[in-house]
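The following blocks contain the structures, represented as structure tokens.
In the two complexes below, subunit A is the common chain; its partner is subunit B in one and subunit C in the other.
For the complex of A and B:
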């Protein structure tokens, strides 16, 4: 027999259970989870594109012809590197250019130290909060007496690092 | 037995808790279904687009000898993969002849693109485009892209076939000596595979008649004519492997195998044209034909242009080597291009 509080434990248990289940269902069905699997897709696309561009800049158009990548680094030609890289990188088949921006640096050895030379500085679209990707390529520089600073004239392998982002 | 006057059975709690647990288990079993929306199909589309991009940009396709692009429409079912790369050792370097064939929608139907380039159990829709930066190549297959498609973009370079242009500057080199009394005139273009298939040369720049067309163009032919003759009769074009003659099974023009043009005439000629030549000859020998010649890495293939008039109307003779000498053969520069694949 119940007392005068009029409490129905079974019904309240069922009701509480249903409320909890409904809450759990609502939470699970309305929460958008941005999984790591999603985030790496645009990164992968940009990384693939950047790697392709560096590879194609490193491929002369003719047998024994000019290697754009090596020549631009040899001359430390920041404008040439920037325009050549972005020309390839932003090209699309419909003719409308993409909106990718870049900065580039070259890591090289100077005696016992590893130095980094900022070849292309980030432009005004760089805020530090971009989801940027980094692509690299080793480049062999032959001995060249006319090469200017900072790499010196000796033959060496340098690491070109390019940071890419959309803006 | 009642212990107090609350009227509460322990069975009450047991019933309520049991119902709750059953329902919780049911909901838990539904969780994978709830997360199905997070298992974005876009991820799958991106992965398929990436895979298709790799096949097109880094794979030469299959078969490779003879290359798949040499197959005619009757044998298109034997093509397994339509990769566009020159070689597996030259990723992102595409061969122009593969590109032309791949984007030929009269040769491939949509199911061919799915089964030879895209793969997968699902019937994917696609849009594949390629454009060179100079605009010379501008190809597309597939439908308009909707929202939410998978995508990849590849930067590539396009390799075009080499061409040997024999013009008036070669007149002194390829003119018969005055004391030669023979009535036939034979001009030979020689393919020494020992020189051509040189593994020290990057596949991006290699001349390989087994995988790409070779072009022989004789221009300024009037400079090779004899005296006042206005033309000379090209009796036949024959092929020799070393010292033995190769029977060429195509006595009619067949553009899948070769094209022979004379004096810029739009008419294509068979290998025994028997017509007069006054200004130029253009022969394009395609891999489908070269594969019939059973050529190995040390073979020598001679393409002979046989002229016959009495008295001779031309003084052309000699052997022109189709090799890496830039005077003998012109290799076009690689052309930068962009390849885009969209899948949904």
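For the complex of A and C:
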């Protein structure tokens, strides 16, 4: 007759082995947490930065002074808008400037249609991990007969839309 | 198997308990990752800057035209409503009423309504 008194030790060994394997698997799989929420935080920051830059451009330097954003839209000044926006966006306390790029368009109403006038064309850069975000700001234009196309001369409210991304 | 020493069973049982405990800890860590995502998505979804900007443009309108109406004012009003719907997917409406006297200041009661399908915002403000 075979002596089977060691069987329980074998069972215990197998159970302990399984527990150790399970523990090792749990430890390895839980230490690297992928948080999808993390990817949205830079988007949120970029959106806030863009909104703040548009707000700065929409604020006159002095009480009753000239509104820079209104002036740029009135003159359809592509280069002025581009350089001013990127100057505010890319400014850092020290070190190299940031690498934010942008394109901009202005939505205006023409009769029953909403038209879009591209103010700044996008440059040929790619965004890396971060997605592009859109920020907007309302601008009120006074009646001005010298204002060129496409908005027309009447007093109106237009929506400036800026798409910005970090390359 | 009679008279066998079975003390080792406790070790197996405790091992199982530890494993179950670790399983629940892992579950909690997994859930916390989801919490971060929904929070940020909630913040991104809420149109804080849109509403602020809309209020500002309406206040500009009131500063400029008051509640007099007229074709120039109605044009700007139509601009705001039509462009909001087309570009921001938001139904917007606002009315400016006759000015009232508040602590010696002439203030226009302005009613602002905003609805983009997710966020609804209604406000009555006395603007002077």
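The rule we apply is simple: the second predicted complex is superposed on the first by the 127 of 167 C-alpha atoms of A that agree within 3 Å, B and C clash if a C-alpha of one lies under 4 Å from a C-alpha of the other, contacts with A are read in each partner's own complex, and residues count from 1 in each chain.
Here is the rule we use: a residue touches a chain if its C-beta (ideal position, glycine included) is under 8 Å from a C-beta of that chain, and two chains touch if they have at least 3 such contacts.
The shown structure was predicted, so the numbers you read here are calculated from the model rather than taken from an experiment.
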First (subunit B), second (subunit C), both or neither touched by A:44: both
Touched partner set for A:107, first subunit B, second subunit C, both or neither: second
First, second, both or neither for A:125, with subunit B first and subunit C second: neither
First (subunit B), second (subunit C), both or neither touched by A:9: both
Touching partner for A:29 - first (subunit B), second (subunit C), both, neither: both
First (subunit B), second (subunit C), both or neither touched by A:92: first
First (subunit B), second (subunit C), both or neither touched by A:153: neither
Subunit B versus subunit C as contact partner of A:83, first or second or both or neither: neither
On subunit A, positions contacted by subunit B and by subunit C: 9, 12, 16, 29, 33, 35, 37-38, 41, 44, 48
Residue ranges of subunit A touching subunit C (in the complex, touch as defined): 4-5, 7-9, 11-12, 15-16, 19, 22-23, 26-27, 29-30, 33-38, 40-41, 43-44, 47-48, 51, 107-109, 114, 135-138, 140, 143, 154-159, 161
Contact set on subunit C toward subunit A in their complex: 1, 4, 6, 8-9, 11-12, 15-16, 18-19, 22-23, 25-26, 29-30, 33-41, 43-44, 49-50, 53-54, 56-57, 60-61, 64, 72, 75-76, 78-80, 82-83, 86-88
Residues of subunit B that touch subunit A when the two form their complex: 5-8, 12-13, 15-17, 19-20, 23-24, 27, 31, 34-35, 38, 40, 42-43, 46, 50, 53, 57, 91-93, 129-131, 133, 138, 140, 151-157, 201-202, 204-205, 324, 331, 333-336, 338-340
Parts of subunit A lying in touch with subunit B, wherever the complex brings them together: 1-3, 9-10, 12-14, 16-18, 20-21, 24-25, 28-29, 32-33, 35, 37-38, 41, 44-45, 48-49, 52-53, 55-56, 59-63, 65, 87-89, 91-95
